[in-house]
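One chain, subunit A, appears in both complexes that follow, with subunit B as partner in the first and subunit C in the second.
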Partner chain A sequence: MSTAKKVTGTLAIPLLTALVLECICVMNGNHVITNLKSFNNFVVYTAIVMITTMALSINLNSGRFDFSLGSIAALSAVTGAKISYAMLHGASGSAPVMLLITVLAGALLGLVSGLIYVALRLPPIITSLGVTLIFEGVLYTFTGGKYVMAEVQNASMSGFVGTWVNAAILIVVILLAMILIFDHTTFGYNYNALKNGQKVAVNTGIREVPNAVLCYVICGALMGVVGFLNAARNTNINGGQLNFGSISIMFTAFLPMFIGTYISRFSSDKLGFLLAAVCMSLLNSTFAVFSNAITASVQSIINAVLLVVFLIYLNNEQLLVGTFMNRGQKVKA
Partner chain B sequence: MKTRKMTKTMLTGIALAGALAATAMTASAADLKIGVLVADVSGEEAQGFRSYYENYIAENYDVEFVYTDALEDAAGEKAAIEKFASQGCQAIISLSSSDRATQIDTCDEYGVYYAIASGVLDDELFETYKGYEYFAGQVGPGNATEFEAGKAMGEYFKAQGVTSVAMYGAFIPNPMHVFRAAGVIAGLGDTYGGTNDMYEMIGQIFADQKIDPAKVEGDVALTAYLQGYGDTTTDEINAAIQKEPEAFLSVGMATTFFTQMLNEAGIPFADIDSFTQANGTAIKEGQLVYLAGKYSSSIGPVFALIKNAVDGNPIRDEEGNAPSFSQGYLVATDGESFDEYYVADNGDAPIYDKETLDSIIGADVTYEDFKALVESK
Partner chain C sequence: METGTLKKKSGGTAGRHLVDLLPFLALAVLFALFCAIVKGKGYRLDIYLKTIFNQGVVLAVVATGAIFIYTLGSFDISLGASTLFAATMGVLTYNATESLPLMLLAIFGTAIACSLFSSALASAFHIPAFVTTVAMLSVLSAVSAQIITTRGGSLGGIGIPKPVVKPLDNPPFKIALLAAFFLLCFFVFQLTKAGRRQKFIGGNLVCARLTGISYNKYAILAFTMAGIGVGLGAFLTLVYTPSVTATTASGIGMSIFVAIVFGGMPISGGARSRIHAALVGGFSYILLNNILELVLEGGSAYGLTQIVSAVFFLAVVYVTSMNYRTALLPR
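Presenting the complex of A and B:
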């Protein structure tokens, strides 16, 4: 594939999305990004979507459907919030300390989730449902079902998401780390081999169990970052998420995951996830512009319709391309 | 064989004794056991109310309070009352308003007294239930008071010269929030659906199940509106902040959810909530500029209504019906006025302290005694 085609293929969807949405806004006397506050929100939301999408894709690409991502994000965030608040009482430096603890807690919860999966040897979808219920139960017990607020409402936390810079740094660091881990290490080579042909990879001597457990640990750490960002952005953590109340976070990552996977045909899948997250964030910013007219429920419907339309396109891509090419040839003839 | 039989009998006896002991331990030691229905377990107002009951009332009277988790719907409220009744609660105090008619019906069915401590029944519903034997009454701001509280807030900001506001409708169609929201719009000098009449406005808001910004007209523009709390709320509040309103007016719970965001954005805001420590910090150091609030011990008279009813002296009005007492809001617009009410209602010496409550608890207490005291506070 030529470089020009790669660049065009990689940037086509985000550029087209930006163009269409900006046109819609301009026609209504607005812009997608209206001021610095909206740009901050745009970058923070991009970070949340990109990281969630990466966490979802790591296991899903290997055939492991993981419902526990949301519960890991919430439980690790509560752990980080409680410990950092006990240490600093919301003083300066609370945000980076909470981020560090939350990532460690997320990795630990991911390890637990991974060990349960490899120990039980049940289908991952079953295991992850059980793990989700356990983590949600622990979260509820830990918080008494209340929102955790005082621990995350301080100047350090609001300052962290009050500027786009910190979120941008997180995006760059995590993107580079993911490229390094999954494309340039033995673990990554093994992961890709297992992903593309599990049986063959195992027969060549690759150890699947440690690889799977490490995947869960990385997912957990990533969801720790998401939990932290959500806590800072929402200024609270919902401690009452029982009966799969936490799994909705996973569904926000489906559309960007499919878009990112499509973009990865022309470049890296990690870059694809970033660009897909940019598309979703542009859409979110457009919703903000039209917030008085487009309610939250309508936004959910639009997101769902876009997901379905994109899946229809992916599943009928060859058919559509063939139809258009035939029509082009008929016109030429 | 005999030894085995003896062992079996002993084990059965020990198990039975253990079970009886456990039953005895879980049974309430207090004379009066009250179940409290709560929809909000996180807000400072809810925690202030709980602290007053558990740390002050329970210390000074022979009573035990048991609480629900956060109730989300009518089915949860009904189930909670049934559970409380089975646990031996003699009365229910309601701070949850999904379906109060069902709450009263359920309490009546199980023969437990019932009183409302937050909000009041609408007039039609009150007429229906005021004669029920187990409905002990309601103490709180009436619907007209809620409207006036919202209107006063709107008028305050109108007088400040604001020309654009964002608004949080809390949990509309909760009647309390509907009346407050209609009041805010009227206070700003705006109309809703072409009218500023209270009943016409609330009729439309109930029908819309929200405030429709397109129906608000007047000198003060409503740039953004949001309500409820859920997965999309952060996006909605961010969208509201991005529109740079001159003020953010809330009819409840904004101080619980949005203080940090509004402080960070530098947008002055107002709320109808309660006099709590966090709200004190928000008004002294943050952007909270107007607070119409209740104080934690304002739910003291409801406890008195229940205690009298359980003790055999249910308070009834002149016509022999359950009483409805109206409480107003106190308004603070700065740290000084906030402290005036907050300091007066601290944990050890609440406004409704034991001495005050004792004046409306007892076999000789009348409706007039109650009315005089509640309306004086």
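Presenting the complex of A and C:
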């Protein structure tokens, strides 16, 4: 594939999305990004979507369905918030300390989830159901089912998401780390081998169990970052998410995951996830512009329709291309 | 679908029969335990049993219909949202027409249409059925929430007059409904070619296709049966509580997973699918949760209940699947 085609293919969807959404906003006398505050929100939301999508894709691409991502994000964030508040009482430096603890807590929860999976040797969809219920139960017991607010409402936290710089740093660091880990290490090579041919990979001597556990640890750490960013952005953490109330977070990552996978045909899948997150964030910013007219329910419907439409295209691409080419040839003839 | 090679098949036929009986034994033990705890605490057993039944019957009918989808090796997480949407449509229809038959028609029509729409979308456009159900979950929840909040106002819900369904709110009627639906499902699942073919598809889709079995045809049948279950669930929900809020039936979609597994059926479907799994598992799950809530009284009881329930769930699945361990990590 030529470089020009790669660049065009990689940037086509985000540029087209930006163009269409900007046109819609301009027609209504507005812009997608109206000021510095909306730009800050745009970058923070991009970070949240990109990291969630990466966490979802690590296990899902390996055939492991993981419902526990949302519960890990919430429980690790509550752990980070409680410990950092006990240490600093919301003083300066609370945000970086909470981020660090939340990532560690997320990694630990991911480790627990992974160990349960490899120890029980049950289908991951079943273990993740159990793990989700356990983590939600711990979260509820820990918080009494209430919102955690005082611990995350301080100048340090609001300052962290009050500027786009911190979120941008997180995006760059995590993107580079993911590229390094999954594309340039023995772990990454083994992961890709197991992903594409589990039985053959195991027969060639690749140790599947440590690889799977490490995948869960990385997912947990990533969801820790998501939990922190959500806590800072929403200024609270919902501690009462019982009966699978936490799983909706993973559904928000489906569309960017499929878009990212499509973009990866022309570049890397990690870059694809970033660009897909940019698209979702642009859409989110447009929703914010029309917040008076577009309710949360309508936003959900639009997102679901986009998911289905994109998948219809993705799964019928050859058919559509063939149909258009045939029509073109008929017109020429 | 089963992946990897079987490491061992221990225990022989007797062992497997014992494992097959475990869900029934678990249900019996949980029932006895529940009765003992309620009696021990000096509460009225009849009232508690009625509550258990009312909670369990909705989950059992929706999950029994869903068995057909799970047997194919697919799953549908939008069933809770479909139940809410069907109930919402039922309420709107009754309030517009004041006709119970039309309400029933609206409930079942909506439920089957939603289910078939998911299936048709997946079949016509070659999308994984699971993804269409994710989209349906979002759409149906959002539309229902929009209708309920718009029409419910400050009450936060919409409903029908209680006297309309009061005569139906009794155990004999609900048991008859549950039995009729179960027998229909049992007949289709166990005694027809369609049921056997569905298990074949769930066990090995490639082989099934090579023998000329159409996946789409049986997927449509599966989603239709699930739609009937959803319609019944929505109707029974309205009979028990003649109003709907945005959170009505919200937990059903995921509880079905737990109920089916509790009932001794693998989520991967196939030949080991059991039509009774949802009925047995659904009531077991509801009994377990209620036992734990009775034992673990206090502010954080709900959280502890869920933790113990989840550990029990994993333990049950681990024990019942001991004969089916694979050398490779399952996916």
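In this section, the second predicted complex is superposed on the first by the 333 of 333 C-alpha atoms of A that agree within 3 Å, B and C clash if a C-alpha of one lies under 4 Å from a C-alpha of the other, contacts with A are read in each partner's own complex, and residues count from 1 in each chain.
Keep in mind that, in the parts below, a residue touches a chain if its C-beta (ideal position, glycine included) is under 8 Å from a C-beta of that chain, and two chains touch if they have at least 3 such contacts.
All values derive from a computational prediction rather than experimental measurement.
**Student:** Examine A:123 and indicate which partner it touches, taking first as subunit B and second as subunit C; both and neither are also allowed.
**Tutor:** In the superposition, A:123 touches subunit C alone.
**Student:** Of the two partners subunit B and subunit C, which one touches more residues belonging to subunit A?
**Tutor:** Of subunit B and subunit C, C contacts more residues of subunit A.
**Student:** Let me test your reading of the model: by the given contact rule, A:188 touches which partner, first (subunit B), second (subunit C), both or neither?
**Tutor:** In the superposition, A:188 touches no partner, neither subunit B nor subunit C.
**Student:** Thinking of the overlay built on chain A, is A:145 touched by subunit B (first), by subunit C (second), by both, or by neither?
**Tutor:** both
**Student:** Thinking of the overlay built on chain A, is A:9 touched by subunit B (first), by subunit C (second), by both, or by neither?
**Tutor:** neither
**Student:** Which partner does A:96 reach: the first (subunit B), the second (subunit C), both, or neither?
**Tutor:** neither
**Student:** Tell me the contact category for A:244 with respect to subunit B and subunit C: first, second, both or neither.
**Tutor:** Only subunit C is touched by A:244; subunit B is not.
**Student:** Which parts of subunit A are touched by subunit B and by subunit C alike?
**Tutor:** 144-145, 296, 300
**Student:** Applying the document's contact rule, which stretches of subunit A touch subunit C when the two form their complex?
**Tutor:** The touching residues are 62-64, 67, 116-118, 120-127, 129-134, 136-142, 144-145, 198-199, 202, 208-209, 212, 242-244, 247, 251, 254, 295-298, 300-301, 303-305, 307-308, 311-312, 315-316.
**Student:** Quick check on the complex: what are the subunit A residues that touch subunit B?
**Tutor:** Subunit A residues touching subunit B: 34-35, 37-38, 41, 144-147, 149-150, 153-154, 157-159, 162, 233-236, 240, 248, 284, 287-289, 291-292, 296, 299-300.
**Student:** Per the contact definition, I'd like the list of subunit B residues that touch subunit A in the complex.
**Tutor:** My answer: residues 41-42, 69-70, 213-214, 223-226, 230-236, 238-244, 256-261, 263-265, 278.
**Student:** Across the complex, what residues on subunit C touch subunit A?
**Tutor:** Per the touch definition, subunit C meets subunit A at residues 3-4, 121, 125-128, 131-132, 134-139, 141-143, 145-146, 250-251, 253-255, 257-258, 261, 266-268, 299-300, 302-307, 309-311, 313-314, 317-318, 321, 325-326, 328-331.
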